[in-house]
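Have a look at the structure below before the remarks.
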Amino acid sequence: MELIISIIEHINYIAAAALFVIGLYTVLTHSNLLKKVIGINIMETSIFLFFVSIGYVSGGSSPIITLGEKQIFINPVPSALILTGIVVAVSITAYSLSLIIRLHETYGTIDMDEIMALRGEKS
Amino acid sequence: MDDLIVKTITRLIIPFIQLYGIFIILHGHLSPGGGFSGGAILGASIVLYSLSFGLEKASKKLSHETSSIIETAGILWYIVLGLVGIFMRGFFLTNRGAGFPMGEAGGVISSGMIALITLGIGAKVASTMITLFHTIIKED
Amino acid sequence: MSSVHFPVYILLILLTTAVTIPLISNRFKNSLKEYIMAAFVVSWVLSFTTLNHVMKNGSYTYSFGNWSQKIGIQFLVDEFSSFMTLIILTVAFLVIIYSLKDMEHEIKDYQFSSYYTLIFLLLFSMIGLTVTNDMFNMYVFMEILSITSCGIISIKHKKDNFLASMRYLILSAIGSLSVLLGIALLYMVTGQLNMFEVSSVISQTWQSYPTNILVSLGFMVSGLAIKAAVFPLHIWLPDAHSSAPTPSSALLSGLVVKVYIFTVAKILFRIIGVEIVAALGIPTYLTYFAALGMIMGSVFAIGQKDIKRMLAYSSVAQIGYIFMGLGLATVQGFSAALFHIVSHALLKTALFLSAGSIIYQKDKRDLRDLNGIGYEMPITMMVFTIAAFGMIGIPGINGFMSKIYLSLAVIDVKKYVYLVIILVSSFLNAMYYLPIIIAAFLKESKDRKNIMVMDKLPRSMIYPMVIVALGCILMGFFPQLIMNVIDKAVPSFLLLGK
Amino acid sequence: MKKIFFMIVLAGLLVLLITSVMEMPGIGSIDNPAYNEVTRYYVENAVKDSNAPNIIAAIITDYRAFDTLGETTVLFTSIAAVISVLSLGHHHKEHNNTDEKVEKHHG
C-alpha cells in the first residue's frame, strides 16, 4: 500500500524515466533514421517533463508576480532552463533532418541497415 | 498548392498571427512568452505564407540576404547590450547596474535590458525559423 | 579595461567573428583570410595575458551581471582553464593557418564562409566549456560543440561524411541528453547549478541520497564517455575522424575530445569531489575501461589500411592513457593526464597534418602506397616520424615524458598491472607506426627512384606542421615548461573547497 | 535478439532510475530540496532587481543571461550547419551533380 502511494506521489518522475528509456530504446533498435531522430526527441521531452516536475509546488501558480495577496509560486529555475533546452532540441532536430535529406539523396534510402548493406557491397 | 480558399484565408489571417507574435515579444517581461515563443509565432506566419503561395514568392518577402543579416544582427545586438555593462564599470550583461532605463514595473517600456534583449531574440528566432524552413524545403 | 574581462572578450571576439564571417565573405571576399587571422591574433594575445595575470595574481571568478554565484552564471578563471584556453587557441591557430590552403582541395569555394563560421563557433564553445563554472551553461556549450563538430565533418559533401556525422550526431545527442538527465538529478538533490555550490551541498547531504547521486554521476560520466570516445563507446570516432577534412580531423582529435575530458574531470573532481567519487568507486571503473582502451585501440589500429583511420584508432588508445591518469584520482595521476592531454594534442595534430599533406600532394590514403615517400616529401615525413616516435615513447619527445609521468603515478598507487599495460600499449604503438616510417624511408617506390626532392606544398602548410613538431621536441626536452603550470593548476582543481 | 538484449538492459536502467527518484520527496512537496533559498531569492527579488513581473523572463535574460546568449548561438550554429550541409551554391549546382554521378558510376 505504501508503495502504491509512493508511486502515485512520484508518478511524474516515473513517467519521465519511462519516456527516457522508451526514447533510448527507439534510438538504439530502430534502423530508420527518422525514427532515431524521433527517439532523440522523446528523450528530450522526457527530460523536460522531469525538470518541470522538479519545479512544481502543489498549489503554486505560475511565476508571474501580480499585485495583491502573497501567493506560492512554483520554482521558476527549471522552467527557465527548459526554455533553453527546447531551443537546443530544435537545433539538433533541424540539423539531423538536413543530414537525413542528404543521406536520402546519396543512398536513396533512410534506413541505416540498408545503407550499411549498400556500403558493404561497395567495398 | 494553388487553392483560392487557402490563399484568401492565409492572406486574411497572417496579419493577426504577426500582430500576436509582436504582442508576445513586446510583453515578454510581463506575461508568459518572450523572444523565443513570439519569434516562433512570427516565423510561423511566413512559413504559412510560403506553404500557400510557394517558395518563390516567400523568398521575395524575406530574402536570404536579409535573414542572414538579421541573424548576425541579433547576436551582435545581444553582445553590444552586454558590453554596455562592462563600459559602465560593471560586468558583462549587467542590467540595473549598467544604467538601463528601468521604467515602472508592469509597463511595456520597463525592465531595461530584458525588453531590449527580448526584441533582438524575437527578430532572430523569427528569421531563423524561416531560414531553416526555406533551406530544408528548397531541396525538393 | 581591466584584464578581469579578458576571458569574456576572447569568447566575444570568437563569437563576433563567427557571426560576421557570412556577411564579410559576401561583400569583401578577398579579405576573409586576413579577418580570420586578425581575430585569432587578438584572442591569442588576450588569452596569453590572462594566463600571465592568473599566474601572477592567482585565480579569480567572473560573475555575469555581478550576481552572487548562487543566482548568476560564473566563470572560473584559474591556472587550469586559462592554460587550456591558451593551448586550444595555439593549436587551433596553427591548424587554421594550415587549413587556409588545404581546404581549397577539400571543399568548394562557396563553402568557405560556412566552414570558418563553424570553426569559430567550435572554438567559442570549447573555450566556454573550459572556463564555465555552471552546470547548465556547461550543457549549452556542449550542445554547440556537438553540432559544430558534426558540422565540420559534413562540410565535405561525400557519402562517408554524411553517414559519419549522422552517427556522430545521434550518439553525441544521446550523450548530451544523458548529461542533461544527470544535471537534472543533481539539481533535484541540490537546487543549485553553480559547481562550487553543488559540491558544498553534496558534501553535506550525499549520505541522504546515495542512489540518486550515483545514478546521476553514472549518467553524466557515461554520456561524456560517449563524446570522449572511451573504449567501448568509441564506435563513432574512426568514421568521423577519418572522413573529415584534415584540419577538422586535427581539431576533433587534438582538441574536441580533450575538452570533453576536462568536463569529465570537472564533474568528478569539482562538482562531486574526490572523496565521494572515490567512495563510490567510479575512478577504479574508469581505469579498467582506460586499460582496455589502451590495448584494444592499438590492436584495432594495427589492422587498418587507411592512414587517417589508423590515426583515429590510435586516438582511442591515447584517450585511454588520459583516462588512466584521471582514474587514479591522485595529484600525480591528474597532472600526468593533463600533461598527456597537451602532448597528445600536439602529437596528433602533427600526425594528422602530415597525413593530410600526403593526401594533398599525392592523393594517397592507403598505407601500402607510401613506399619511398620519405624521399618525395622529406619535411612532411620528418614531422610524421617525430610525432610517431612521440606516440611510441622514444626519449626526447613529449610522448616519452608523459608516459614517464603516468608510470610514476601508477607506481605511486602501487598498481603495477597498469605499468605492464602501458608497456604493452607502447609496443603495440610501435607495431603500427614503425612500418610506415620504414616503408617511407627505406623502401623503393614502384613509380620512381628514391631521389631526394623537396615537398611540393604551399608554405602555409609546411610551417604549421614544422612548428608543431618543434613544439613536441621542445616539450620533450623541457617538460618543466608545461609541468610548472600544471603543478599549479592541479591542486586548485583537486583540492577545491578544502 | 538485439531487441531483447536492449530491452533487458534498458529495463534495468529504468529500475535504477525509478529507485533513484523514489528517494526524493513527492511531486509538489515544498520540502523538495530544489525549492531552496535560491528559488526564494528569485521569487522575492525579481521585481525589485529588474522591474519585470515575469520571473522567468528575469531569469533567462537577466540573472542567467549568458545562457540565453549561448542559446541564440545554438540557433545560429544550427543554421550555419544546415546551410553548410544543404546549400549547393547557386552556380555550382550542375557541376556538383555531375561529380556525384561520376562517383556513383565508379562505386
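Just so it is clear, A, B, C and D label the chains in written order, and each chain counts residues from 1 on its own.
Basically, a contact is a pair of C-beta atoms (placed from the backbone, for glycine too) under 8 Å apart; a residue touches a chain by one contact, two chains touch by 3 or more.
Since the model is a prediction, treat every value here as computed from it, not as a measurement.
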Far-end chain from subunit C, centres as C-alpha averages: B
Distance between the centres, which are taken as Cα means, of subunit D and subunit C, whole angstrom: 23
Separation of mean Cα positions, subunit D and subunit B [Å, integer]: 20
Distance from the mean Cα position of subunit C to that of subunit A, given in whole angstrom: 29
CA centroid of subunit A to CA centroid of subunit D, Å: 9
Junction residues of subunit A, two or more chains touched: 20, 24, 54, 64, 77-78, 81, 83-84, 87-88, 91-92, 94-95, 98-99, 101-102, 106
Subunit C residues counted as touching two or more neighbouring chains: 15, 19, 22, 64-65, 136, 140, 143, 147, 150-151, 154, 157, 159, 162, 187-188
Sequence positions of subunit D contacting 2 or more other chains: 17, 21, 24, 32, 34-35, 38-39, 42, 47, 53-54, 56, 60, 62, 64-68, 70-71, 73-78, 81-83, 85-87
Chain contact graph, described as a line, ring, star, complete graph or other shape: complete
In the complex with subunit A, residue positions of subunit D that touch it: 2-3, 6-7, 10-11, 13-14, 17-18, 21-22, 24, 26-30, 32, 34-35, 38-39, 42-43, 46-47, 53-56, 59-60, 64, 67-68, 70-71, 74-75, 77-78, 81-82, 85-86, 100, 107
Touching residues (chain side subunit A, partner subunit D) in the complex: 6, 9-14, 17-18, 20-21, 24-25, 28-29, 53-60, 63-66, 72-73, 75-81, 83-84, 87-88, 90-92, 94-95, 98-99, 101-102, 106, 122
Sites on subunit B touched by subunit A in the complex: 30-32, 34, 36, 132, 135-136, 139
For the subunit B and subunit D complex, residues of the former touching the latter: 28-32, 34-35, 71, 74-75, 78-79, 82, 92-93, 95-96, 102-106, 110-114, 117-118, 121, 124-125, 128, 131-132, 135-136, 138-139
Residue ranges of subunit C touching subunit A (in the complex, touch as defined): 136, 140, 143, 146-147, 150-151, 154, 157, 159, 162-163, 165-166, 169-170, 173-174, 177, 180-181, 184, 187-188, 193
